[in-house]
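Chain lettering (A, B, C, D and E) follows the sequence in which the chains are written, and residue indices restart at 1 in each chain.
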C-alpha cells in the first residue's frame, strides 16, 4: 500500500517553500531562497521517484493489473451526502508518472534558475511562485475528485499568471499574463459547467464513482442523462464536451491557444516548466483521467477531441515555420505536440489493444516533457547569452555555447522523431494508433511530423549555424554549472526515455500493453522527418536569400501563417468591439442613465411637483377659504352621492 | 363637591394660575425675569399635579367627563406648555406683556382641557373657541412686526370662517337628532344625508384645527408670522388637543358612521401627508418648514386614528407625547438661534455644527425623531401609528404612508446636511445657551431617546382605558 | 303663498349663510369680511332657534346654543377688530390683499 | 290663507335677505354696516315672530347695540369716509358665486329631502325656564358653558387690550 | 452565552467614546471595544459549536426573551442559529478592521468612531433579533450613521450620494415595514419570527407580502435595478464607511431576504423565485460588465459588489439547500472581501490621492504589502480557489444546478459566465495600478502600509483564507440552518 505521508509530502514540500519564501523571503531568506526552494524540491523529487518505484515495482500491480489507490481522502466541502468536494490523493499509473515528470522538470528548472535568475530583485518571490506552481500542479495530478482537480486547475492558472507577469513593470508581460489568465479562465467556465453537468448526472464528484456510474450503460443516471437533450446533444455529451473545453484551454488547443505564445513573456525557465512540460499538458491529463467516460459513454466527444488535437497540431506547426522569436517557435511547437497527445487520446479506445492511443499519448507526454523542457532551457541559455529572443540576432553560436548546442541538437532530434531518440518512440505509437482508427488524422499527423522536423531544424540552424555571430561585449559563457547540469540531465532523458517500455506501465485498463514496433510503418514518418531536416539545413545552414524568396513565393499564405492566421485579431475584435463596446459600455451607460436616471427622475419629479404646487399657498386668506369651501362641498358630494 | 375638585382639578389649577397672574398684573406687577421663573414653577407644579387623583367621572350632567386617559392627555399638554415656557424664555423675557401672554396661553390651555373633556357639542364649541381666540391674539404679540399681525389676521379670520361652518354643521345635526350631547347623538345617528352633510361640516372644523389638507392653508402663514413661542404652542399643544378630541368624537359620537369616516380619513391622510411633504420640500424658513412637516405628521396621526380601536388611541397619544418632545426640541433650537441672531433660514444653519455642536445635535435628534428614524422615539411613535392603521388590512394605505416617510426623511436630512456637511463662510456664531433653555433642550433630547426605549410608557398609556 | 314654517326659515338661514360665505370670499376689506362672518353666525342662530321651535321644543339646547354663539361672536369680533386695527397701524391699510407677505 | 302673521314673516324674510345681500355687495363700507344692521334686525324680527322674545332681545342688545357699533367705530378708525371699497377680481367673484351656489343647492336639497319629525306642541320657553337652566349645574344645566364663556370673554378682553393698546416705549 | 453582550459591548464602547477626552483615547477605546467584540464573536462561535456538539438541536440557541411592548407582542427576543453566528463573526472582523483603517481620521474623530460603532451595533442587533420589530429597529438604526458618515467624511459628490443612499434604503425600509405589518396582522399580532415560521399563512397573502419584504430587503442588498445607491454611496463614503456599507450593511439585506422573506413566506418565494433568479442573473452579468468600464477603483469595487451580491440572491432564488448555503457563504465571503478591497483602495487613495486607475501604475514596487493584499483580494473576487469567493460561488453553482430545468440552468450558466468577466476587470485593475511601469514620479516616495493598516488587512485576509482553505466549519455552521429554511419551503 502507498504511504500516505510520503505522497502527501511531495506536494506539501513545495507549498512549504512557497509559504516560507512568500512570507519571509524578502527579509530573511534574501539570498538563500533559491537554495531553500531547490532543496525542498529535491526532497520532493526523491520522494516522487521513490513512490514511482514503489508503485510500479512493489505494490501497484495486483493480478497483473495496475490498481488505483487512494491513500488519503479528506472531505473538504460537503454539499449533500455523497456529493462533496474531497481533497484526496489518487495513486495510479498516470498520476505517479506525472508526479515524476512534474517534480523532475520542476527540479531542473529550480536548479537552472539559480543561475538564470541570479541577481533578480524579486529572486525570493520567484522561488515562492515556483513552489506554488509545483504544489498546485502536483495537487492537480493527484486529484481524486473532479472538483479537486478544478481547484488545482485554477491554482496552476494563477501561478502561471504570476510567473508570466513576473516582470511586472514590463507592460507586455502584464498584458500577456492577463491574456493567459483570461483565456484559460474562459475555458474553465466550460470546465465548470461540465463539472456541474457530470456531477449532476452521476450524483457525485468523485472520479471513481463518477466513472463507474457513467460508464455502466444501463445505470439510471446514464439513461436520464442521455435522454435529456439540449440543442441536439445529450446532457452527458455536453458535459464531457465542456470539460474538454476546459482542458483545451489549458492545453492551448485551437482556437484557445492564443495565450500560449504570448505567455513566453515570462522568464524562460518558467516557460520550460509551465508552458512546455507540465501545466499545458493538464488538459491532456484531464481527458486521460476521465478517459473511460469519453471512450465508453460519449465517443462523439472523443472524436471531437481527436479532431481538435489534429487541427491544432498542424496549424501550430505551420505557424511555427514562420516565426522568428525562438520562444514563440517553441511555444507553437508545444502546441503542436500537445495536439499530438490530444488526438492520440481522440483516436484511442478503451481497453486492450484499442487503448494504444491512450498509452501513446501518455508516453508522448512523458518524452515531450523531457525534450521540450530541454529546448526551452537551451533557448534560455541562448537568450541569456545574446539578450534577445529574435532569431535574426543569433547565429553561429555553436562555438560559444558548446554544451547548449549539443543538448539542443539532441532535443531537436528527439522532437523530430529521429530514432533512437525519445520522440521517435512515442510518435510512432501515436501514428500507429491514428493509422488504426482514423486515416484522415493519420495523414495530418504525418504532415505535421515533417513540418516539425523542418521548423525545429530551422530553429537549430538559425541559432547555431547561419551567419557569423556579432561579438558581444560581456562574455559570461554559458552560465555555469547550475545551468548546464539540467541541460545535461534532460538531454539524457530526451535521448533515452524512449526505451522505457511504457505500455507495461500505462494503459487504459491497467493491464500491460505490448509495444509493437513495425519497421514498415516507421519508414514514412522518419523519412518525412529527415526530409524536413534536410530542407531546413538547405535553407538555413548558411545565411542566404533562399528563405526570403521562399517566403515571398508563398505570398499570402506565408503572411497569414506569419500573422498566426489572424486569430489574435479576431479575438481582439471580439473583446474590444463586442465585449467592451457593445456590452460593457452600453451596460455602464444604461446603469448611469437609465436605471439611475429613473431613480433620480423620481426625485426630480417630486421636486418639480413641489415647485409646481406652491401657488396653492398663495398667501391670500380668501383663496384659502375657497379651497376650504370647495373641500367641504366636494367631500360632501362624494360621501352623499358617490360612496353612500 | 369633593368630586368636583378632583375631576376638574386640571382646569381649576390652570384657572387659579390665570387669576394669580391677573392679580399680579393688576397689582404692583413684577419684573419679567422673576415673573417668568414664577410661572415656570407654577407650570411645573401644574404638570406634577396632573399625576394625582385621576378618576373617571361626569360633571354638569353630561357636559364634562374625565378618565385617567384624558387626564394623561391633559398632562401631555401641560408638559408641553411647561417646556415652551422654558424654551422660549429668551423671547418671553423681552416681551412687554408677559403676564398677558401667559394668561392667554393658559386660557387657551384651559379651553383645550375642557375640549378634551367635553361630552357635549356646546361645551365643545365653546372650549374650541376658548382654545382659538386667545391664540389668535397671542399670534399678534410681536406687535412691531408686520408679519405677526398678518399671521394673526389670517388665523382669526380663517378660524372664524371655519367655526361658522362647524356651527352650521352642528345646527343641522341638532335639527336631525334633537340633541347636542355626544352619547345621545350617537343613538340618533341613522346615516341620512343631512347627517352626513352635518358630519362633513363638523369634521372640517377638526380638519382646520389639525391642518389637514385642504383645510391647512392658514397653517404655514400663521406659523411663520407668529412669535416662536406661539408657533410651538400651535404646532404642539393645539394640534395634540384637537387630535385627542377628534378621536373621541369619531370613536364615540360618530361610531355608527365608522365606515364612512374611515374612507374619509384615508383620503385626508393621504392628501395631508403628500401635500405636507411636497410643500415642506422646498421651504427655506425653518418655521414654515416645521409647519409643513407638522402637517405631514398629522397625516400620520390620521393613519393611526383610522384604526378605530384602542390601539389607535394609544398610538396617537403616544405619538403626540413623542411629538411634543421632538417638535419642541426643534422649535427650541430654532428659537434660540432666531432670538440671538435673527436667522430663521435653513441656509443660515450651514456649518452650525462647527460653532454650536450642542444645538446641532439636539436639532438633529429632533429631526430624526420627526422623520421616524431609530433609535429615537419618533420611530416607535410612527411605527405604532402605522401598526394601528394596518389593522384594517389596507396595506396599500400603509405603503403610501411609509413611502411618504421617504420624502419626509429627505427634507429633514436637508437640515441635517446644512448643519453637519455644508460649508459656510459666515456661520452662526457660537451661542451661549442660557441654563434654563439648555435644561429644556436636554429634557427634550432625553425624552426623544428614552420614550421609545422605555416601553412601559406605552404600556402605561395602554392601561389607561 | 304658503303658511311659513320650518322649511322657510331653513331657506332663509341657508341663504343668509351662503350670502355671508360669498361676502367672506369676495370682500377685500377686512372689516367687511368680519361683517360677513357675523351674517354666517346669525344664519346659524336662526337655524338653532327654528329647530328648537319646530322640532325639539322640549329642551332648550338650541336656544342656549344661540345665546352662547352670540356671546362668542362678540368676543371674536372684538379680538378680530383689535387685530385688524393693529394690522391697519402697521400696514396703513385694511385691504386683505395688502397683507400677503406670508406665502408659498 | 294669508294671515297677517304670514305677511309679516315674508316681509321680515325679505328684509333680512335683501339687506344681507346688499351688505356684502355694496361698495360703500358705511352702507354695508347699516345694511348689516338691518339684516340683523330682521333676524331679531324673525325671533319675535317665532315667539322667542328673549333671544330677540339679546340679539338686538348684543348685535345692534354692541357688535355693529364696534364695527362702525372701527370703520371710522380705519377708513376715510366716502371712499369706495376696492373691486374684487371678477374671476374670484364668479368662482366664489359658483362655489357658494353649489353649497347652497347641496344644503337645500339635503334639508328638503330630509323628513324632520315635527313636534306639534310648539311651546315657547318662558323666562324662568331659561333662567333656571342657565345656572343649573345638573342635567340640562348650563353653568359650565356660562363659566367657560366668562373665561373666554376675559381672555378676549386681555387680548384686545394688549393688541389694540400697544404701548410703544415699553417694549425696548 | 448571553447574547446581550453582543449589543452591550458596542453600546458601551460608543458611550465611552462619547465621553472620552481626546483623539487618542477615542481611538484606543474604539479599538479595545472592537477587539472585545471579536472575542465575543469567537466565544459565541465556540459556544455554539459546543452546544451543537452536545446535540442541542434547537433551531435557535441562547434564546432570550424580554418583554418590551407587551401589549403589541413586541419583545426583545434574541437567539442565534448558524447563519447569525457567521454573520456576527463577519461583523466583528469588519468592525475591527474599520476601526483600524480609520486611525488617521483627523476631522471630528469622536463623532466618526461613535457613528462607526453605532453601525456595528445595528448589525449585531439585527443578526441576533428574532423579533421582526426589533430586527427592523436595528436595521433602521444604521441608516442615519451611514448618511452622516458619507456626508461628513466622504469625498466627491458626497451629499448627493448620502442622500441617495439614505432615501433608497428608507424606501426599502418602507416596503419592509408594510410587509412586516402584514405578517403581524396575518399571524394574529405577533412579530416573533419563530412563531411566524410555524404558522401557515394563506398563499394569497404570501404572494402579496413576499415582494414587499424581498424587494425591501433587496434594496439593502443591491437587488437589480434598485442597486444604484451602491456605486455612488460606496464611492463617496470614507474608507471605513465603504467597508461597513458593503461588508455589513448589504448583508443585512441578504439576511433579511432569506430569513424574513423567504423563510417566513415560502409560497411567495416559490411564486417569485423565477423573477428573483432573472433579476439576480442580470445583476451578476450586468454588474460585471458595468464594472469593466469603470475607471475609479471604488466604482469598480462597488459595481463588482452588485455583481457578487447577485450570487447571494441567485442562491436564494434557486431554493435548494445547497444554493442557500452558498448564498450565505457568499454573503460572508463578500463581506470580508469587499471590506478588504475598500480598505486597500483607501490605503492606496490615502497615499496617491487618486482613485483613477489610469493615474496609477507599478505600485507594487513602492508598496509591496498593499499591492499584495490588493492582489489577494482581487483573486478572491475572481473566485480563485483557496479564497472564500470560490467556495461560495461554487456552492451556489452546485446548488443551482440541482434544479433540472432549462430555465434554472441557463440562469446558472449566465451567472457562471461572470467569472470570466470578473477576471477581466480584476486583472485590468490590478494590471494598471499595481503592475506596469510607474506613471507618476511622485509615487516613488510613497510609503507602504503602517501597522494599523497591516493589522486590518491581515485580519480580513485571515478571514478570507479561513473560509477559502477550510470551508468545512462554515459549511457546518450554515448548512443546518439552510436545511431548516428548506424544510419550511418544502413544507416539511
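Here, a contact is a pair of C-beta atoms (placed from the backbone, for glycine too) under 8 Å apart; a residue touches a chain by one contact, two chains touch by 3 or more.
Because the structure is a prediction, the values reported are computed rather than measured.
Among the remaining chains, those touching chain B as well as chain E are A. Remark: the per-chain Cα centre closest to the mean position of all protein Cα atoms belongs to E.
Ranking every chain by how far its Cα centroid lies from the centroid of chain E, the top place goes to D. Ranking every chain by how far its Cα centroid lies from the centroid of chain C, the top place goes to A.
The two chains most heavily joined by C-beta contacts are C-D. Averaged Cα coordinates give chain A a centre that lies 77 Å from the centre of chain B. Put simply, the C-alpha centre of chain B and that of chain D have 31 angstrom between them.
Each chain gets one centre point, the mean of its Cα atoms, and the points for chain C and chain D are 6 Å apart. One inter-chain figure worth recording: chain C and chain E are separated by 65 Å, centre to centre, where each centre is the mean of the chain's CA atoms.
Multi-chain contact residues of chain D, defined as those touching 2 or more other chains: 92, 96, 99-100, 103, 106-107, 110-111, 116, 140, 142, 145, 149, 152, 156, 159-160, 163, 166. For chain E, the set of residues touching two or more other chains reads 167.
Touching of two or more other chains is recorded for residues 603, 614, 617, 619, 621-622, 625-626, 629-630, 632, 636, 640 of chain A. Under the touch rule stated earlier, the contacting chain pairs are A-B, A-C, A-D, A-E, B-C, B-D, B-E, C-D. Across the complex, chain D meets chain C through its residues 1-2, 5-6, 9-10, 13, 16-17, 20-21, 23-25, 29, 32-33, 36, 39-40, 43, 46-47, 50-52, 54-55, 58-59, 62-63, 66-67, 70-71, 74-75, 77-79, 85-86, 88, 92-93, 96-97, 99-101, 103-104, 107-108, 111-112, 116-119, 121-125, 129-130, 133-134, 140, 142, 145, 149, 152-153, 156-157, 159-160, 163-164, 166. Of all the residues in chain C, the ones that touch chain D in their complex are 1, 3-4, 6-12, 14-23, 25-29, 31-32, 34-36, 38-39, 42, 45-46, 49-50, 52-60, 63-64, 66-68, 70-79, 81-86, 88-89, 94-95, 97. Listed in rising order, the residues of chain C touching chain B in the complex are 17, 20-21, 24, 30, 33-34, 37, 40-41, 43-44, 47-48, 50-51, 55-56, 59, 61-62, 64-65, 68-69, 72, 75-76, 79-80, 82-84, 86-87, 90-91, 96, 99-103. The touching residues of chain D, when paired with chain A in their complex, are 92, 95-96, 99-100, 102-103, 106, 110. Residue ranges on chain B touching chain A, taken from their complex, read 153-154, 157-158, 161-162, 165, 193, 196-197, 199-201, 204, 207-208, 214-215, 217-218, 220-221, 260, 263-264, 267, 275, 278-279, 281-282, 407, 410.
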